[in-house]
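One chain, chain A, appears in both complexes that follow, with chain B as partner in the first and chain C in the second.
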Partner chain A sequence: MSIQITGSMLLQGVVSGILAGGLYAMVALGMALIFGVMRVINIAHGTLLMLGAYSTFWLFSLYGMNPFLSILISFPLLFLVGAILQRLFVYQVVNAPELSSLLLTFGISIFISNMAMVAWTADYRSVEFLTGSFLLGPIALSKPRLVVFGFALTITELAFLFLNLTKIGKAIRATSQQRDLAQVCGINVRRIDLITFGLASGLAGAGGSLLSVMFSVFPEMGQIYVFKSFLVIVLGGAGNYPGAFFGGLILGLAEGLASLFLSAQLSEVIAYILLVLILLVRPTGLFRGRV
Partner chain B sequence: MKGLGWGTVLLILAGLAIMPFFVTNYIVTFAIQIFMWIALAQSWNLISGLTGYVSFGHVAFFGTGAYTAAILISKAGWHWFPASLMGSVTAPLLAFIIGYPCLRLKGPYFAIAMLGLNEVLRALVSYFEDFTGGGNGISLPPIAELQPVYYAMGGVALGVVLVTWRILTSRFGLRLISIREDELAAEAMGINTARLKLYAFLLSAAFPGIAGGFFAWYSSHIEPLGTFPFLTTITMIIMCLFGGKGTVLGPVLGASILSIFQELVWARFLFIHQAIFGALIVAVVLLMPKGILGVLQERYHLPRTI
Partner chain C sequence: MKGSRKSKESLGWAFFLGLGLGLLIWDSAAAQAPIKIGASISVTGTYAKLGSYTRDGYLMCAKEINDKGGLLGRKLEFVIYDDRSEGPTAIKLYEKLITEDKVELVMGPYSSPITAAASTVSEKYKKIMMASLAATTSIWERGFKYLFMTISPAEVYMEGLVDLAAERGLKTIAVINEDTLFSKAAAKGTIDLAKKKGLQVLMHDAYPKGTTDFSGMLIRMKALKPDVIVGGSYFDDAVATTRQMKELDFNPKMVGVTVGGDVPDFGKQLGKTADYVYGSTQWADDVKYPGAKEFTENYKKMFNREFSYHAPAAYGACQVFAEAIRRAKSLDSDKIREQLLKLKITTAFGDYQVDERGFQTAHKMVLIQWQEGRRVTVWPAQLAEAKPLYPTPPWSQRK
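The block that comes next holds the complex of A and B.
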């Protein structure tokens, strides 16, 4: 049952992989920020993404709002949710052993996703907004994926500009490089924690909004993105924010090629093998040294 | 005092040993469930409670054991007992493949690798349909009597509790705890942390492997969603945390209390089952990080090794 793989199919796999990777990078950037600043792996990151996806779905199906426009609502909404979670719970475990923060965010995550199930049922919902694809020579570019890629890239770029140019952004990076020293320099790290958690949750929410255009929306949709985001962070090297961007592209590419040569069913397995191999060979990430 | 404690333990064990002859099948089934949860919660305790490395995918070893036994029974015609024991070979094998690269590193790598493992195993089981029966699963002959499973599952639970006790009273256990408290300092004192973490992890995978085999036999049917549900991992974690992680009797207490609660109260609120567990995890982590037994140990100056 070997299928002849032609050059155009290969190109197709590469292109759709990169398109998916843009979104991975954006979602992972949020998780990388929280990890960098607070040393907390936020297991609830995927759940926040799910909330973003549902807010887009409801705005679309109840008020007919353009899903891409709804990012202007889902981002601030999730920023608020994230800031509240940080203020109520997560701040208590920032300096605690890893076990506490992992379990705490895990508990939050299963609580929220169960509540979403109760409120909105486990049905698979979809936002049918953009369909069809552009034909570009031999390859077909799915319209929603292309537009989503554009938005993901723009939002990621805006986030980088924020981190690099604004005073708060610089304070976030300083805290992530040396928390104690940042505090000595007069940075209110508690406040930075709050802003970082909000920003990261906002990114997850925007990611959910974009995902809803391509895939089904359901309460447990986010779980796999916790794992994928972490893989992206590992690929890029922890604390290396531009690295996380390339990590996202690499993961997308690997999955695109895997579904071409093996089976789309196994794309998660490929991602997993990638993680184990990277940890075995190059645990510091692919792009060592640049922070 | 010490003799009194041992006397109580022996009395309880003797009571449990003759119990199936006097009670209804319902009670026996319920007891099997509690034994299973004790074995699972205690296994989670072995890696996460002792070393502090959180395993978010421990159900994978349970599922591996279940599939090992089901395939050996249905395809190779094995007797259920040795078939289930083989789970203590296959599950640690899987644990080695993940643990070797991930436990060499400090930090959250292990936790996330275990989180991803669930999805991977489910995809693999569905993909290799010929071998595993795919989404339909594997059916086994219905069992004739419950008593053998009762003793088998009780044996696993007792075994893992005894192993935990033995570890906690040994240098191996002290070394594991030193990893949990300060891994860098443990390394500086000459402890080979990577290897010890791996040993603890292999042990903690072996028992769910066996329990999974017994579970497959006694439920006579397994399929990917029923055998690898995320809820199983959540349940083990909360039972262990609630009872007291890093202790011998904590997971036993947690598993027994929460199983009874589950049977009596939450069975009516199945739709918010996960939310209750989620809230309970948050509450225990923030308000009672040492669990019930931990609180009792502090208040009544009980020994650390119970």
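The block that comes next holds the complex of A and C.
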């Protein structure tokens, strides 16, 4: 059963893809920061995202709080959780071989998602806050996705401003470029590690809050985003933060378009094919250079 | 001579008395040990919600039978483990139930794929598996001897929707389904029924279990402008597709989902977005089966929440099983099997009768529609509480 792809379908696919990509970029930026500064691949990133989504869900369903406003709570909350995790466990594997950090964060991730299952059950829940769409001729702009995209862009932009303009932000980038040199220059790298992990976790938490407005919330919701973030980092080039941003948009776009031309089964594979291709052809990422 | 005969006689009496006493003691000891019934249920994972209703149905059935003095003079006791919505886990659990916990009877888990997996174990140990919530025909085409079906097969889930669509002169249909055993069969059955009624199938696509974003598939579908959409779905995918249809301003005249649409949470999670969606169900609380009304009342008393058909199905399966055991007067698999094959009864869940494969032939489906936040039976006509609201208005004209 082949389907004629029309211009408006294509446009709809592009729009949906870019809207999804904004969130990928924001979540991936957190993971990229942790990898850049500590050389730690944080498998637990998805569970932190899940915790952010649950905090929004509970604030919304118990207190009727606006889910977008709840980012003001989920971000600092997850910043704290991230900082505690870093202080208790992750500091031990900073700059250690990748396997150690993979194992450690994998363990943390299993622990947290199982605790979530015990505490909140495995039920799928949703935040029914914003539904429907704005119509622009033949194109439907999903209201929740549009607003989520706007928030994701704003938060990502704020994170970039923080990294580029503040003293701590500059110290984070310095540490990520040359850890030893940064230390010699008087930067307290352990403190930078702590702040970076907190910031990254906060970004994951905010991502979870935004996700909860579009999709169901359940304990294992974050896992797929670990993989996607990883892919975005590879796309953008490890340690290249603006690259991570564009990587997110490219992944969203690729998925959005693939799902138009391919069956649902095949379009799920696109992300994986993209990963293999990039690793084969341009293992340094699409965007050269580190910032 | 006389004396010795008398003493022989009394010896004989004493022997029988002793035997009788012994039997009595043995019997009462047995009466104290309950009959253990093993089952795995999806307590966590994708099927958790529906699995919980299945468990409730089992527990309610056991409680009622126990309150009336038990089965064959013994109490029933369920031993239930969590299969995490995974077939391989269920296989391990049924092995454990039968070989380690030594349960005397087993009942089925929730869902077709898990029953298909778990029944290989019960068949191996020649245990009857009363499958309460498996609706896929192919499961009964494997020649298993000890597997019995309770609910209507997947293929006829959407019979009501296709019927209503044909009645209204609709011409085209698009079908999507989760790529798992039951959903595939439901989609295929719907397509066959639709073709028979003269509807044209514009699109059929499957998506992997766990998909959350259906935009691409829905955009393609929207371009084809089908009159009717059928989702061969479970719960979360039914919620997500409905919500995303709204986000894409996709307006077919009728939308039906196979499983999730019947669950109370469907309306709770979606609110007004759920309205006009059709769902198929094996049972509705306005059906007129004997004991159906009492079931609804007792369920709410015991669990203090609403339920979907999964609870009465599990309950009904357990009642059928118990009746067969009563008639067989034994827990022997072959004797129960003989009774189950010729049994023909109506429980609170509806009619039960199977063919020589153990495949359900008597039970009937019901079609519901969400109307202002309520599930209303709209098909078959003789059971219908109200007329279906038709056609579904475009999203832009709904509040």
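The rule we apply is simple: the second predicted complex is superposed on the first by the 286 of 291 C-alpha atoms of A that agree within 3 Å, B and C clash if a C-alpha of one lies under 4 Å from a C-alpha of the other, contacts with A are read in each partner's own complex, and residues count from 1 in each chain.
To be clear about the criterion, a residue touches a chain if its C-beta (ideal position, glycine included) is under 8 Å from a C-beta of that chain, and two chains touch if they have at least 3 such contacts.
These numbers come from a predicted model, not from an experiment.
A.B. asks: Who does A:M117 touch here: chain B (first), chain C (second), both, or neither?
C.D. replies: both
A.B. asks: Is A:Q265 contacted by the first partner chain B, the second partner chain C, both or neither?
C.D. replies: both
A.B. asks: Kindly list the residues of chain A that each of chain B and chain C touches, one partner per complex.
C.D. replies: In the superposed arrangement, which is not itself an observed complex, chain A uses residues 117, 224, 263, 265, 268 for both chain B and chain C.
A.B. asks: Which stretch or stretches of chain C touch chain A in the complex?
C.D. replies: On the chain C side, the touching residues are 43-45, 48-49, 176, 179, 202-208, 211-217, 219-220, 223-224, 235-236, 239-240, 243-244, 246-250, 269-271, 273, 395-396.
A.B. asks: So in the complex, which bits of chain B are touching chain A?
C.D. replies: Listed in rising order, the residues are 48, 52-54, 56, 97-98, 100-102, 104-105, 107-109, 111-113, 115-117, 119-120, 123-124, 126-127, 180, 230, 234, 237, 241, 271-275, 277-282, 285-286, 289.
A.B. asks: Please name which positions on chain A make contact with chain C in the complex.
C.D. replies: It comes out as residues 1, 3-4, 6, 9, 12-13, 16, 20, 117, 121-126, 128, 131-133, 135, 140, 142-145, 215-216, 218, 221, 224, 255-256, 258-260, 263-265, 267-268.
A.B. asks: Within their complex, state which residues of chain A touch chain B.
C.D. replies: 35, 41, 43, 89, 92-93, 97-100, 102-104, 106-115, 117-118, 223-224, 226-227, 230-231, 234, 263, 265-266, 268-269, 271-272, 275-277, 279-280, 283
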